[in-house]
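The next part holds the structures, each set out as structure tokens.
Okay, so chain A shows up in both of these, paired with chain B first and chain C after.
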Partner chain A sequence: MPQIFTPAANTVAKASIVGGFLLVASLLSSVFYLGSTSYVTRQQDVRPQPVPFSHRHHVNQLGIDCRYCHTSVEESNFAGLPQTKTCMSCHSMVWTDAPMLEPVRESYATGESLEWVRVHDLPDYVYFNHSIHVNKGIGCESCHGAVNEMALMFQENSLQMMWCLECHRNPEAHIRDRADIYKFESQPDYDPPADQLALGEQLVRSYKVNKIQLEDCSICHR
Partner chain B sequence: MSQQVRTIQGGQEYTGPGVVGPEYDNTTVTEKISNLVLRKDTELSWFAGVAIGAFGGLILLVSVTYLVLIGTGIWGLNVPVGWGFAIINFVWWIGIGHAGTLISAILHLMQQSWRNSINRFAEAMTIFAVMCAGMFPLLHVGRPWLAYWLMPLPNTMALWPQWRSPLVWDVFAVSTYFTVSLIFWYMGMIPDLGTLRDRATNPYLRQLFGLLSMGWRGATSHWARYEKAYLILAGLSTPLVLSVHSVVSFDFAVSLVPGWHTTVFPPYFVAGAVYAGFAMVLTCTIPVRKYYGLEGLITIRHLENMAKVTLATGYIVIYGYAMEAFISWYSASPYEGFMMWNRMWSGPYWWSYWMLLFCNAFSIQFLWFKKLRRSPIFLWFLSLIVGVGMWLERFVIVVTSLARDYLPSSWDVYSGTVWDWSLYIGTIGFFIMMMFLFIRFLPIIPMSEMKMILPRSKKAE
Partner chain C sequence: MKSNQYQLTSLGLLCLICVTTLAACRQDMHDQPKYEPYEVSSFFDDKRTARNPVEGTIARGNLRADDHLYTGKVNGELATTFPFEVTREVLERGQERFGIYCAPCHSSIGDGNGMIAQRGGSSMKQPATYHSQQMRDMPVGHFFDVMTNGFGSMYSYSERISVRDRWAIAAYIRVLQMSQNASIEDVPAAQRQRLIMGEQ
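This part shows the complex of A and B:
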């Protein structure tokens, strides 16, 4: 009887032992890697908006406080988007003819809301609450990044659970004085503390942040 | 070569002192077993058998699809009975698998060479049974596509399995069990696959068996390594026989539900598993040996030995039942006492408890009679009763305790819905289909191991 396989089959068989392990390992690691890339998380991705609103201009150059537009951030789970009326409180007087602002004026005239595209969109099974974070010393910047530097809005962080937990397990590294919630590191009126961890530990105590509870499933998922 | 007629027709019961019938020698063993795989004519009844199994498999597919679309609400589960058919069937199937491992590992280490006739078959049964078992917890989690969360894999959620949960122990116990059983089964088959490669005439079949036999040449060095590896795997599997069902019993035993929180559970579950498993081996082998004329290879002596193991493990199970009842009285715990009284008499499921005792405690007493132990027909019917009994045992444990738990206001009566039953019947169909495919495409009795137990004098004659 002739041979069923050529001698090359021996090499293939031996290579397949190592190759099989490598294949599984590389598949697993590429799935994990892909899941944390900006392709999935949409970090740094500027999305088209009805009006190219610049946070840099309004915050850094004009000095408007976050809460002027995001009015409900201290009391509600939702920070709130401004009514057109809020925009028009200035823009009925400045840049009244700017073509860029035509959708704002049209919304004001017709009463139809501007439809902003949501940039920071968490899954529906996450019960995120803005008020508890800003009232317990987590600044806007800690999650949203240097919004005061963003000409157009984008998502700075991954918003993945492992990113949330990184702070929930170690809030000392991020907590700040309640007076500094709406300030940004790049602004002249805010100096990050020299020893964040020492301040953080003190603030976690005085704001009564219950660290054990921060890791409970039901803190975010109900 | 594959056109040869079957040299041994079978049909004759062998009752002599040897392990195999006198008609078998090195040549006829190989011819008989390899012809079951290599013959070109497939009888119509085989197709009928596969079709029946595949029809069950289709029911399984429909049930799983509907379950995934709608959710576990299609089952009869509700507060307070949150563990219904899914866990009953899981434990039932996992238990059935245990006979295969016991036969192949423990009986090998104990040098019970008669087990060579049935170990391949029993191991195949183990693997298919574990496949069926694994489906239930996976589907019960509700979102089976997220079941990989149970594995300690790196993920963007920074999540890690909850090691304090017995359900996570289950995942590791069962997946280890499946892996080791599969490797054991496959490795034991390599010499036989080499034989099939050499005997096949179809070039594609030769390549396929050649690939599967991994270059087996039957050299002395191959045998030396094979024997060593086989012994190591037998050693690895032996603790698994005890550990897997112990871990399964922890699902219940580490909880605080009366009727579950019992130290007798691990040994009682392991014995029940071996008991149910041997019954299932009898259920499968008796028709197959009859149909394919294998009476000389799987002899009456094999059946009798299996019946003895069934009787012995059955008595451990009876001891478990007795201890449950005794401790519920002896503990003087009102909850335990109520649970037992409710289970036996006052509850809505009292009939299942007495049916269970009929199947598992009463019916096996017939195995004390040698005549009945040596009657294939009787053993076959008895093995079916034992299969039903072991299903009822899990039903009694899971449902009676939960349906009457600590809070009387939430007491309820549980029963499976059409979808509970269809999934269960579907897995039985899947199991039947896999067994039929196994019978046709792989050597169901290890040819190489059979030759070790043939009477040596045969050659000298």
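This part shows the complex of A and C:
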């Protein structure tokens, strides 16, 4: 019986060990990469809504404050979605015949809820709280992007843990004066600080942001 | 015979790999069996997870016994006084809240010419100015009452603005009324010159 393995088998064996490692590594990294693509995070993905609400129109063109509709953002973990009555407090007078507002009028008449599709949805094991961010100087824009320019709402950032940590480890780069939280960079009344890091360090101190605590697992996961 | 066994073993291995790796792809922790705010409920008939308190019940600490504070009326008459002391903080809070909830229609100076009123144009009933003599003579409870119960085509804002904030806004409306009917004599003498010169 001839030998099964030729001397070349030694090389194949060595190569397959290295190749095996590479295969596993590339599989892992491609899974990791896929997880950060917008296919998974659904960034920039506009979802169909019962009414094509335009933040750009209401914020930029009309100058309505975020809190007119998102009333609980300062004191609750949930920013608050407006009740139909909030829409109707203007739209009972303006655009009263607009066909695209029919679901709003119908909801107000029947008392049935408008079923908005949630755009920013964190995993259930993340206990995000809007009020603490707003009260410690994190502006809407830092997480939600330039909402004032979104004709239709979409998610700007990945909302993945790595992205959260980028700010939790370095809040100075993002923290704002509390008076500027509801403003957007592209708006004329927002004056970005000349030296964000210097202002950031000062604000982190004066708002008593406990940086060590910001990296604790339990700050977000309970 | 032997190669058949190999095939079976390798197929088994492949299945095992698939089962162990794909099992990790379940989303149970992402979507736990708990309701997020305003999530659709499959349990309640109206599909709402946000429930109202049972009728006739009052949550601890929410008893509204103080008529002056909660209705803007004293013995059935519109209150002419504030239910708590108006400090600078109250006025600043009122200014901020006014900017959020009132200015879109009433404008930031309260002349009734806000952006929505401008957009609505002749198709909508224009909001009244705060600066008429009639409004200046109005008891402060009137403003609280309008915010709480609505007035004309204005809806109630009681769900959106807390009770104390409504009073703070009422106080700020008084500030606006003063500012729009002020004369140069109302400015402290020390600052009068600066104002005349148009300096900051």
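Keep in mind that, in the parts below, the second predicted complex is superposed on the first by the 206 of 222 C-alpha atoms of A that agree within 3 Å, B and C clash if a C-alpha of one lies under 4 Å from a C-alpha of the other, contacts with A are read in each partner's own complex, and residues count from 1 in each chain.
Quick note on the criterion: a contact is a pair of C-beta atoms (placed from the backbone, for glycine too) under 8 Å apart; a residue touches a chain by one contact, two chains touch by 3 or more.
Just so you know, these numbers come straight off a predicted model, no measurement behind them.
Asker: Of the partners chain B and chain C, which touch A:Glu166 in the superposed model: first, second, both, neither?
Answerer: So A:Glu166 only meets chain B here.
Asker: Looking at A:Leu81 after the superposition, I want to know if it touches chain B, chain C, both of them or none. Which is it: first, second, both, neither?
Answerer: second
Asker: I'd like to know which partner A:Ser158 touches here: chain B for first, chain C for second, both or neither.
Answerer: A:Ser158 sits against chain B, while chain C stays out of touch.
Asker: Counting residues of chain A touched by each partner, does chain B or chain C come out ahead?
Answerer: Ranking chain B and chain C by residues of chain A touched puts C first.
Asker: Quick check for you: in the superposed arrangement, does A:Ala25 touch first (chain B), second (chain C), both or neither?
Answerer: Once the two structures are laid over each other on A, A:Ala25 reaches no partner at all.
Asker: Between chain B and chain C, whom does A:Gly35 touch in the aligned arrangement: first, second, both, or neither?
Answerer: first
Asker: In the overlay, answer first, second, both or neither for which of chain B and chain C A:Met100 touches.
Answerer: neither
Asker: A:Pro123 in the overlay: touching chain B, chain C, both, or neither? Say first, second, both or neither.
Answerer: Second partner only.
Asker: Looking at the complex, which residues from chain A come into contact with chain C?
Answerer: The touching residues are 62-65, 67-68, 71, 78, 81, 83, 85-86, 88-90, 92-94, 96, 112-113, 115, 118, 121, 123-125.
Asker: Which of the residues in chain C come into contact with chain A in the complex?
Answerer: Contacts found on chain C: 29-32, 34, 36-38, 40, 46-48, 99-101, 104-105, 115-116, 119-120, 123-125, 153-155, 157, 159-160.
Asker: Which part of chain A faces chain B closely enough to touch in the complex?
Answerer: That would be residues 4-5, 9-10, 13, 28, 32, 35-36, 158, 160-162, 165-166 of chain A.
Asker: Mind pulling up the chain B residues that touch chain A in the complex?
Answerer: 153-159, 197, 203, 206-207, 210, 214-215
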